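Labels for the chains are A, B, C, D and E, by order of writing; each one numbers its residues from 1.
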Amino acid sequence: MTADAVTLAVALPLLAGFLSPALGRSSRTAAQWLGWAALAASAAVLWSVWVRLDGGTAAVAVGGFRPPLGIAFYLDGMALLFALAVPVVTLLFWPRAGTPQQFALTLVLAAAATGLALSGDIFNLYVFYELTAVASFGLVAAHEARRAQAAALRYLLLSAAGSVLLLAGIAVVYLRTGTLNLAHLATLAPERLQDPVGLAAFALMLLGLGVKAELFPVNGWVPEVYSSVSGRLAGLLAGLVSKLAVLVVVRALVLVFPRPEAAELMLVLGTLGIVVGELAAWRARDLRRQFAFSSIGQLGIVFVAFSVPGPAGIVAGLAVALHHLLTKPALFLLAERWGGAIEGLRGAGRGQWLASTLFILFALSLVGVPPLPGFWAKLLTVMSLMEQGTGPARAGAVVVMAATVVEAAYLFRTLGVLLARESGAESPQPHRGPDLATASLAGLILVGSVFALRPLGDGLKALAAQAVDVDGYVRTVLGGPGMAVSHPASQAPGGAGGGARVAHVPPEIAS
Amino acid sequence: MSLPPLEIVLYAGAVSLLIIGLAGLVMSEHLVRLVLALGVAEAGGNLLLVLTGFRQGAVAPILLGAAPSGPMVDPIPQALVLTAIVIGVGVQALALALVLRVRRAYGTVHMSALRARLVEDLDEAAGLPPEGSREAPGVERPV
Amino acid sequence: MTLLDGLWAASALTALVAAAFGRHPAAGSWLTVLYGLQFLVVAMMGGLSEGADPVPASVSFVVLGYGLAWQFSALSWFFAVITAGAALAAAWFVSGAWGRAYAARGGDLRLLQLALALNPLAMYVLLASTDFLSLFVGWELVSWSSFLLMLSGGGVGVRWALRYLVYAIGGAMAVMAAMAQAHALTGSFGFGALAAAVPELSAASLWMLVILLAAGFGVKMGLLPFHLWQAGAYAETPGPGAAFLGAISSRMGLYAMLLTLFGGLGLGTLQALHIPFTPLEAHELLAWIAAFTMVLPTFTALRQNDARWLLAWHGIGQGGYMLLGVAMGDALASAGGMMHVFNHATYQAALFMAVTAVVYRTGTADLNRLGGLVTRMPLTFLVLLIGIIGLAGLPPMNGFVSKWLIYRALIDEGQPLLFVAAVIGTLGTIVSVYKLLHNIFLGRLRVEHESVREVPWSMLTPMLALAAVVFVTGLAPGPVLDWVAAVQRELGFAVLVPTLGGVDRPDGGLDMLWVVGIMLAGFGVGALIFLAGGRARTVHQLDNYAGGHFLSAEVRYHYSDNFYAGLMHRIGSWYRGSFQWLQDALVSATDFLAQGAAGVYRAVQPVTWLLGVTVLALWWAW
Amino acid sequence: MRNFTSLLFAGGLGFFLLVLAADLPLGAPPMLAGQGVLAEGAAATGAANLVTAVVLAYRGIDTLGELSILFAAAAGVGLVLGRARRRPDAEADPEGGFILLAAADLLFPLLVIVGLYIVLHGHLTPGGGFQGGVVLAAAFFLPLLGRPRNALDHAVIGWIEGLAGAVFVGIGLWALAARGEFLAPLLGKGTLGALFSAGTLPLLYIAVGLKVGAEIAGLMSTLQETEAAGS
Amino acid sequence: MPELILELVLMPLVAFVAGLGMLLMMRKIAAKIQRRVGPPFLQPLYDVVKFFGKQTQISHGLIHDVGIIVAVGGYIAAETLIPVPGMDGIAGRTDVIVLIYFLMVPSLGMALAAGQCANPNASIGISRALTAMLAYDIPFVIVIFGMSWIYGTTNLVQMVEYQQVHGWGLFQAPLLAFAGLFALQGMLGKQPFEIYVAPAEIATGPMVEMGGKYLGSLVVMQSFSLYTAGILYTTLFLGGGVTWIDFLLKAYLVVAIPMAIAFQFPRYRAEQMLGVLWKWPVLAGLLGLALVMLT
């Protein structure tokens, strides 16, 4: 299977999504199976591509058009990792009780998220970003309660306003450089975007993308939406979609806007997000909103970590982001189980040892207790910030650590209420198998990763080394000197490899 | 007095639309107006986008008949703006549908009222008593 | 497999057994045997205190390019032997009647046993640290395992445990900052690298490290102003747990400080680090913090009306002596400070157990609801008496030896104010522990306690053993001082050369054999004089009168509440200036900010934020 | 106060965006990618309309995404209003007047033809699947304005949009299978400017046109039905 | 070794006799000030004999007895730590810090004994006694620190030797000497700091349940305490003694001063006592310390 097949990962869920509502009219089960099959196929394709690349990178010219003209997908470890996470997480958080339309939207969301991870063209990223947005509006609004529709409307207005800014940012970039391809932009950026105009374009794009990525202060939708919808959807949005938006920001930052000011903007907003999110979570009176605010704070940490230039920042950011991707959705599932006002949960966790244990585990990892992965993520973040040594970076480190204290305070206060001896709560809801199973799976992965810290760490470092390798990116996408330009008109049809050039970059494992 | 160059006028127009739309999004109360403001802002953004391909004195990029008489404008932004417009249509349709639904569910088309009702709804769904005193945290402080 | 592996294995086995069978009544005995095994393994490593090579662990990891390795040195061994001893005693105490009663009252015995077993395990990991990373890992393990122990009793303890948690995480974060800073400065987590880099570091970086490390570890030690969590958290832990925590847990902070500040940065660095605009240096700053920690919590203890709280507050104060000694840094003082760790562990564990024994029999630790128990629980009384003599630092118990060393060093160093502070702390302790003794055991026996009996031997044995240690190491402090000397050698302190009875020096040494001898001789002469009188008739307790009125069982006349009325009249108003306000202010500020943070999402339309922040970002882009 | 702040922010944003203009090459864009398309677009795709070449060939996956957005929006609207639509027994709006009815009847074939023309000539002249699709949607929606009772069959619309989308993706997959590249142009390019030229591009545009038409029609009729049901 | 044991036997004997003499002196001074004749020469001895010989001896339990023994024994042990002419073997083996602690032991012994009596009034007395200890020990340790600093040793024998070479401590640190005298007043429990002994109203002091040999032992203890205080001050400030004559003379003189002052004053309440003892002697001590250490 050539690397080109990676487009299947986007196309198959879309295909299934298109057919799902029509098929669902006759058989809901068939639609559901179709969706599962598409996602599984998508995951399989991505997996096989990953295996085949074996640590190298590759570019896929979609439609076979030479990248600066056509759209290229760029495949490196980071992109494939997140792309692979998409179908897997989507399968886990599949809206079982939903209608065929919801299946369709979920599939479209998955396809768009995969596209976000893979695409190497800023306008194409915009399209996928909007697709994610529209699909998530629909999914949020599909929830029964009227509050979901109100929240969805408010989310939509904010998100659409952000998209307009993103579009303006793209327009400015295109006007300056005349290209949309990230690799091409990376070669042009040093001369064409290293001025206030470039910075302004970055700011516009950052804020536009920030709406989805829960960047402070454009994340007003987060508490409303997450506490309106089911735990599964909240988990999907908080865990997956936000990370992919962050991923796009990081790509832009690394390739196109490698200026300290740009990173600093991210750092400042991320830091503020941590402060506001964690503090608001501290005061939150119900479990869902507590987790929603906590999610804002965690994404703030992700931004702060990614703002550190060089591989150290990427490693730290990836670690935090993956950790959050693992824990927060599971916590939302647990919140679904208990839900409601924290005061009303007195003693609710007693007798539900599995759920309580999972909650404790996730809380410990979020707070960063060694040897759980959350600790290493936090450590990497703080260390990379301290290594950077600038004032704002140190301030960011201090805030990250102070936020940990606040986080520990409210998470364990909640836990204390859950496990209190005296029971003031009405009888707890009955066990809900699949939710608990998904959360348990996350817990198992979390614990399992403790035993695989070394390979994980090495893997992350390799990913980060690839991710910051701008030259490698440019070389892979645009082709090195003397490399034949792949063009459908000048190439024999059906040639092996087609328009994809696989450049095997030796896996660099930083020592 | 000479007029400023055409592209500056166009650019100013696009930015104005964008700003008017965003200001409307911030300042309007009525939900339908919000959607309309969004449409205006999107129009501004699209105009900005299509402007990026604008060349003084160039013709449309269509190779029909004779060879092109002069430079052609950039075809890419035109394709982009087509996409952007369609996206805008989809979003606005969804927004209008949501407005309809919200109006039916809450009986209001005013944003501030809607927000207040939404917060009430969220508290109620969580089983919280309405926030009587904002001074007192709902639960015991951790230390 | 090295001995350290063996120790970890034994400890882990203990934890497993506790987790599996902790609820079973008979498990207590097996667990005690296992703790004994741990103690034995530690004892087998005794060569460490005689200059043997460090004992490494055969496991090691590489995570994210950082190596994690562990080994035991003389310093580790010194703390480990205390840990193992305290754990053994605590487990023994739980093993019999106490544990059964705890379970019968609805306590979760398995959780307690598990928490009790996890604590030493975490400590053995911490004590084997070789660099900042392993130190931090161990540190967090210790923090969380003590959190578990504090939680295990439920009830009020949970609230205190949560408060502890906030402080502990705050401290851990300070340590993490210091560790990241050290790594940023030296490119390594090693203490050696840090020590080597010291000459190149600026005073500002050094200060940052010193303050972060001192604050981070100081939280665990309960140094001012980070002490507010400790008394409540320890006091509300189930008795044997409190004994263990009070004995050794907060001393892990001292261990870490010794390892990082004194072993890593080095005492010389601290002595060379001037505080701007003052004649003080960094180590004196630490000493002064220690001095305040000795005095203020001690007088807070004086005011407590709950025996457990009183002891816990004293535990904070005694930590000050340890840091004072170490911070002064000469041979005598550092030996005194470190020996005090041992001494404190022995008597504090005994004291908590004695109080727990009283609670076991009477159901209360309220000093206003007890009294006259000496005739009912004479052995517990004896343990408590020996314990408080040690705590107060009076001869002939071991507490005196360590305090003597510190005093003597302060005179040598010419630190009158610190000396006076130390003495004030001691006096406050004496006054306060007498109240403890008096209100529980002396005075009038309450009617409802008429039938109280001595506690069973399963509880008495560890208590008496600890009391014996308190006395014997007071009589002959030489061996313990030998261990301390090995630690001093390892950390680069001036080394004290001890004799069996203490220190031999021409200008005023200490020979406890003589001190104890003279004291006992004096008592002997006193006894001779006393016995010269006629034979006394022992009367009933109530056979006395007050103000011409014969006291009877109906008149409940035990002077206990506000025991030091005169003293309180004088110093009572000073308590208002306690550090509670600092904590309250921090919490209020956080709460205020949090309100603001929640308001961010409530007061302003999300789109307005978007617009506003975009403008600001563009403005900033220019 | 709030309005003042908002205006201030909006004005500030406008100011900064206008200031940007000074540093932007307005009117003389660099066109690095654009020049490439102009130079080789026709040869590579066979489409005379280079915008179409970009839309369907160079940026074909954008178009797929865009279709998906319309699809998602339609599905979202269906989900949101699905339960709010008219009950079968509800009273419908009255029929339109003579002019509306007659015009709708007259315009219907015209609109269908124009729409199809626009769709089919998308690769040659301005226009294409989107524009044509909208015209087609209007053709089917117009009679509904006159006769609200004759609702569109949403099942049929669902099948059309689903299948049209599937065809688009299918053509892409066909290319993947045949050429190893998703959405690569297939079939002969023909003569530049001829109706049957530009390989699969017209086919793609037909799929787009059907899908857009079905979706817009479905959207509008859903909205209209909701509106009709009153509130 | 044998000579040390001899010291251990001899020193209490000397102390007992000298202490009884001081008791006598105290009562004579009081009598002179109050224009009375005062007791006969052997009255202190008669008192002791009478108390010990009483028929009715009431014990409230073992701790009652032990406490008394500790109280008496504490002073006996303490006074052996102070070098006297010809007998400094024991003193040479310990130091002044041990002595400070030994001086706290009797209070605690008495506290134990009184506590066991289960009489609330005794407990009140003890709380006052311990408060007093807290009051006078602070200036006292400042003095000890200052003198140790001056002499460069904590060994009392070396302190005496130093003074015999360099002159008396009194002249080297007069402020400290003053503070020491002040503290001595409190340590001896003399007016105005006698609230805890409260001999005038025996029913509200530690002695309330004491009779017979218990009270007799306390009298013995008081004689030891007077003697110990006197010779300690002599050793610290007055150059110790070369011969017994000048040594005892100095000691008597030292003890006479508080006596002479005492009977001029009424009594302070406990908190007032704290205020006074924490203010003037501490100030004087710190000032003296500053002078000593900075010059």
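The criterion applied here is as follows: a contact is a pair of C-beta atoms (placed from the backbone, for glycine too) under 8 Å apart; a residue touches a chain by one contact, two chains touch by 3 or more.
The structure displayed is predicted, hence computed values, not measured ones.
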item: Shared chain contacts [subunit C and subunit D, defined touch]; value: A, B
item: Any chain in contact with subunit B as well as subunit E; value: C
item: Chain of greatest Cα-centre distance to subunit E; value: D
item: Pair exhibiting more inter-chain C-beta contacts, B-C or A-D; value: A-D
item: Subunit A and subunit C, separation of their C-alpha mean positions in angstrom; value: 46
item: Interchain centroid distance [CA atoms averaged], subunit A/subunit E, Å; value: 79
item: Centroid distance [mean C-alpha coordinates] between subunit B and subunit A, Å; value: 24
item: Length of the line joining the C-alpha centres of subunit D and subunit E, rounded to whole Å; value: 106
item: Numbers and ranges of subunit A residues touching at least 2 other chains; value: 123, 127, 130, 134, 137-138, 141, 149, 152, 154, 157, 161, 168, 174-175, 178, 180, 196, 200, 282-283, 409, 412-413
item: Subunit D residues counted as touching two or more neighbouring chains; value: 2, 6, 9-10, 13, 16-17, 24, 26, 29, 31, 33-34, 37, 58-59, 62, 65-66, 69, 72-73, 76, 80
item: Multi-chain contact residues (two or more partners), subunit C; value: 159, 162, 166, 591, 594-595, 605, 607-608, 611-612, 614, 618, 622
item: Set of all touching chain pairs, with the criterion as stated earlier; value: A-B, A-C, A-D, B-C, B-D, C-D, C-E
item: Parts of subunit B lying in touch with subunit A, wherever the complex brings them together; value: 18, 21-22, 25, 31, 34-35, 38, 41-42, 44-46, 48-49, 51-52, 74, 76-77, 80, 83-84, 87, 90-91, 94-95, 98-99, 101-102, 105-106, 114-115, 117-118, 121-123, 125-128, 137-140, 142-143
item: List of subunit D residues in touch with subunit B within their complex; value: 2-3, 6-7, 9-11, 13-14, 17-18, 21, 24, 26-29, 31, 33-34, 37-38, 41-42, 48-51, 53-55, 58-59, 62-63, 65-66, 69-70, 72-74, 76-77, 80-81, 84, 124-126, 130, 192-193, 212, 216, 219, 222-223, 226-227, 231
item: In the complex, subunit E residues that touch subunit C; value: 8, 12, 51-61, 63, 65, 68-78, 80-81, 90, 93-98, 100-102, 104-105, 108, 111-112, 115-121, 123-124, 126-128, 130-131, 133-134, 137-138, 141-142, 145-146, 148-149, 152-155, 158, 203, 208-209, 212-213, 216-217, 220, 269-271, 273-275, 286, 289, 293
item: List of subunit C residues in touch with subunit B within their complex; value: 159, 162-163, 166-167, 583, 587, 591, 594-595, 602, 605, 607-608, 611
item: For the subunit A and subunit B complex, residues of the former touching the latter; value: 123, 127, 130, 133-134, 137-138, 141, 145-147, 149-154, 156-157, 160-161, 163-164, 167-168, 170-171, 174-175, 178, 180, 224, 227-228, 282-283, 285-289, 339-344, 409-410, 412-413, 417
